[in-house]
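Structures incoming, each one as structure tokens.
Here come two complexes built around subunit A, the first alongside subunit B, the second alongside subunit C.
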Partner chain A sequence: MRLRRTRLYIPGNNPHYVESAGLYGADAVILDLEDSVPLDQKFDARILVKYSLQNVDMGRSEKWVRINGVDTPFWEKDLKEVLPFCDVINLPKVESAADLNRVDDVMGAIEEEHGIEKRPVVPIIETIRGLMRAEEIAAHPRVVALAWGGEDLTADLGIPRGKALILDHVRGHIVLAAKAHGKQALDTVYSNVSDMEGLFEYARRARYMGFDGIGVIHPNQVEVVHRAFRPTDEEIEEARRIVQAAEEAEREGKAVVSLNGRMIDRPVVERARKILRYAEVE
Partner chain B sequence: MPVNAVGRDVPSEINGVRMKPFAGVGKTPPEGRRAGSLIRMQPSGRSKLVDTIEEVIRKVGLEDGMTVSFHHHLRNGDYVANMVMKTIQKMGFRNIRIAPSAFFPVHKEIVPMLRDGTVRRIEGSMNGPLGEATSYGEMKETAVLRSHSGRVRAIECGEIHIDVAFIAAPTADQYGNLNGVDGPSACGPLAYAMADAQYADHVVAITDHLVPYPAHPISIFQHQVDYVVNVDKIGDPSGIVSGTLRITTSPTRLKIARYATEIIEKVALRDGFSFQAGAGGVSLAVTKFLGELMEKKGIRASFINGGVTKYVVEMLHKGLVDVVFDGQAFDLEAIKSLKEDPNHIETPLAMYGNPHSSGGVVNMIDVGVLGATEVDIDFNVNVNTHSDGLLLHGIGGHQEVAAGTALTLITVPLYRYRVPVVRESVTTVTTPGEVVDVVVTEYGAAVNPRREDILEALRGSGVPLWDIEDLMKKAYSICGKPAEPRTTDEIVAAIQWRDGTLLDVVYRVKRD
Partner chain C sequence: MMAEAGKREKGDVYVRIEDAEGREIVVSSKLMILYGDAIRRTVEEMTSHLNNVRVVVEDFGALDFVIRARLEAALRKYGGEGE
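Moving on, here comes the complex of A and B:
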């Protein structure tokens, strides 16, 4: 599965930011047509993003576009212009599998017209209704990862964002819904761009909560988050020993893997392999 | 006009003085003996204190056509050059040549003196308005730009003879002992003014902090100083030093700094290594990142040459470096450290990098990190003009560091405001490509093909490696090919290589 530790949001209406977006080594770059673009610039941004996707070198970053939600008059036009040139569609304010089906139909038609492969979708769950249907959303075949956003949720609940204790539950719910269907879970952004220590702690916490990545809103955040998602030296050392033991057991035709006299279960071996994959990236 | 070793057409004479074309680094050995200043005497009991600048100008016998000098330790907070030049103007002197170590935007008050005939030419660095006025043809004669130590060379060999040196002194006693570490206008070292004090016919100290004899520590000694004038203020502290020099937050610059740090790590980082520090955005970040890396790896440097900031001082105090050589202080921490720490040493500019001496500090530096306004595919660097042809910056220590250090990195963004920085040919050659090793941009680095050893050391590193022409093409693909500056064929400034040969000239820019 592709690493998605960082997804860097770039306003789709700002050529200066767009042209340097690929330089910072984020796992994904999101050219945004939604919240960072004012209503009167939706058309211009769509065209800028369309041509940027074709002409700007995004380096090793996966190319995402956050289109406008299905509750707006823009999303179909967005898809028509950008879908053939991006890797992933990031869809905001998803509340049900039905929302995804509408988008899936339009995407399918464009993909057929252009003779291109099916593009995956990363839906963003931002409402209580969406959260309650997180599992059916995660189960949709287009979906490769679940993301979430807290502003609408906390507004719905009438709780100040910084004090919303329920967000820990929301995070857990998103992770479990995604993992139940073998999808990635992606945490939301850390908005204080000058607090790198806070960002590191936030990203570390996201990792231990089960998330596969977080959103970033400034290029300087990328390296910090990658560091936070890198397994610790102790974790790597332990994982190496486990994988080594598993390989030895396999060579010797043993059904049971044991290390230092303890039996190692299969999921533990799988987790160890995943840790080594993360460790090898840098 | 002869074509020099970097392919530029240069005249054989500037201001009626013969100049040799640049023949390559180290290809023009010096001749003759050092110059000397007027021999003077100071009988016991005669005071050096003079009440006003006007009076001191009379006492030194200034005449039309003479040369006066200033140093730039007070940077954009300097009051002294304006104060003295306005007095010279008021007294009706004409055709004065000024030989400052550098002028800053604050010295724009001198621009009208180019027009009214008070000043015929400036030989020195001009940052901002004076350079711009020169570009538009407002100087009667041709400006001559030299590197910091190239200026010292010119003074020592008599190429520039200074009649009167006016030295801004943050601290002075009544008998002319001076330092820069105390007083309300403290600036740190007085390194730029040391050659002036030694070689000028008359030396005048101007201070706003007169202390009882003897002032101490002493940077410039009493036997070289003829007069002391006490004024209200010699400068504005907020323009002299920065309260808080912050590391850049620009992701592009930080990316460049990280690549530069990785290159240094792969090529030069070892116990006892040395580097040149600076106060520019990328340079400051590299200093910080290097310090962190050295701490992590347990590496100790032998010395840092600066451009001293609090980041360098922190490294000294943490024991990450044995000695700091200081030619210029950029913040209050640097000044305090220079005053208090015996391992923080004030370096005269002649010692820093005069090429015609028995060897400068720059020859002992392993790594130099420098900026540029433009770089070309022959690795030539421009720090003087912008791509519109306007002369807006001095050479500083660029040539010294590039020529002296074992590894010279030029850290630049690939383009600025949609104007390519990496290009086919620089507008003005400040530093020839033969002494430039690596160009580092946010897209990766281009290594000078002369340095196969560096290329080898960087293979497999995290720094993307480019051919310099491909880097240029990348810049052009984003910004388009840059337009030529709109200039006439009138030469307004000469750019000397540090040995005094002519590297390039700057042409007059047409006004819109």
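Moving on, here comes the complex of A and C:
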């Protein structure tokens, strides 16, 4: 499974930022056509993003585009322009599988026309309605990961973002909905770009909540988040012992894996392998 | 008829295409001596199908693909495309 610990948001209509987007080692770069682009720049932005996807070296970063939502007149034009050149479509304000089906139809037609592989979608759940349907959204075959955003949700609820205790519940719900369908879960951004300690704690907490990554809005945040998602030395050591024991058992044809006299279940082995994958990328 | 694209910002380029008698290309750049000719070649190449137009290009250090993107946006708007 592809690592998506960091996804770096870049305003789609700013060539100065777009040109350097691949230099920071983020797991994904998101060229944004939605919130960071004013209405009167949508046209220029999607053409610039199309050219950027073909001309800017994004290094090892996966190339995402956040298109405009299905409640706007822009999303189909966005897809027609950028889909053949990006790796993943990031779709905001998704409220149901029906929203995804509409997008899936348009994407399918473009993919067929260009003879290209199907592109995955990462929907962003941003409303209570979307949250209540998180599971059907996660289940959609286009979806590889579930992301969420808090501004509209807290506005729906009428509570200040910083004091919204319910957001822990929201996070848990997103993680469980995603994992129930074997998809990744992606937490939202940490907006204070000068507080690196706070960012580390935030990302660590996201990891222990079950998220696979968080959004980042400044290149300086990338390394800190990767560090936070790196398993601790103790976790790595334990995972190595478990995987070694599993491999030994397999070689010896044993059905049961045991370590220090304790039986190790299959999910424990899987978890250990995942920890080692996260540890080995650095 | 007149169409614009891009911004007068670092790394970007402002493009304006307007009706005119005959064909005229006006290029200005912060780096005119280094890149003036290359920018003009790109503009010539992408607008060669237009006759009676004035194309104004103000460059603020844009890379070639940015100039092409802004030219395409301006050309498509000039051709009647829009939101």
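A few remarks follow.
To be clear about the criterion, the second predicted complex is superposed on the first by the 282 of 282 C-alpha atoms of A that agree within 3 Å, B and C clash if a C-alpha of one lies under 4 Å from a C-alpha of the other, contacts with A are read in each partner's own complex, and residues count from 1 in each chain.
As a working rule, a contact is a pair of C-beta atoms (placed from the backbone, for glycine too) under 8 Å apart; a residue touches a chain by one contact, two chains touch by 3 or more.
What you see is a predicted model, and the numbers here were worked out from it, not measured in a lab.
Of the two partner chains placed around the shared chain by superposition, subunit C is the only one that A:Ser52 touches, whereas subunit B remains out of contact. In the superposition on chain A, A:Glu19 contacts both subunit B and subunit C. When the two complexes are overlaid on their common chain A, residue A:His218 makes contact with subunit B while staying clear of subunit C. Of the two partner chains, neither subunit B nor subunit C is touched by A:Gln244. Of the two partner chains placed by superposition, A:Thr232 touches none, neither subunit B nor subunit C.
Of the two partner chains, subunit B is the only one touched by A:Ser194; subunit C is not. Looking at the shared chain after the overlay, A:Asn101 reaches neither subunit B nor subunit C. Contacts of A:Ser258 after superposition: neither subunit B nor subunit C is touched. After superposition on the shared chain, subunit A has more residues touched by C, the comparison being subunit B against subunit C. Applying the stated touch rule to the two superposed structures, the overlap between the subunit B and subunit C interfaces on subunit A comprises residues 19.
Residues of subunit A touching subunit C in their complex: 13-16, 19, 42-44, 47-48, 50-52, 54-56, 73-74, 77. Chain contact summary for the complex, subunit B toward subunit A: residues 249, 251-252, 254-255, 442-443, 478.
On the side of subunit A, the complex with subunit B involves touching residues 19-20, 23-24, 194, 218-220. Residues 5-7, 9-12, 62-63, 65-66, 68-70, 72-73, 76-77, 81-83 of subunit C are the ones that touch subunit A when the two sit in their complex.
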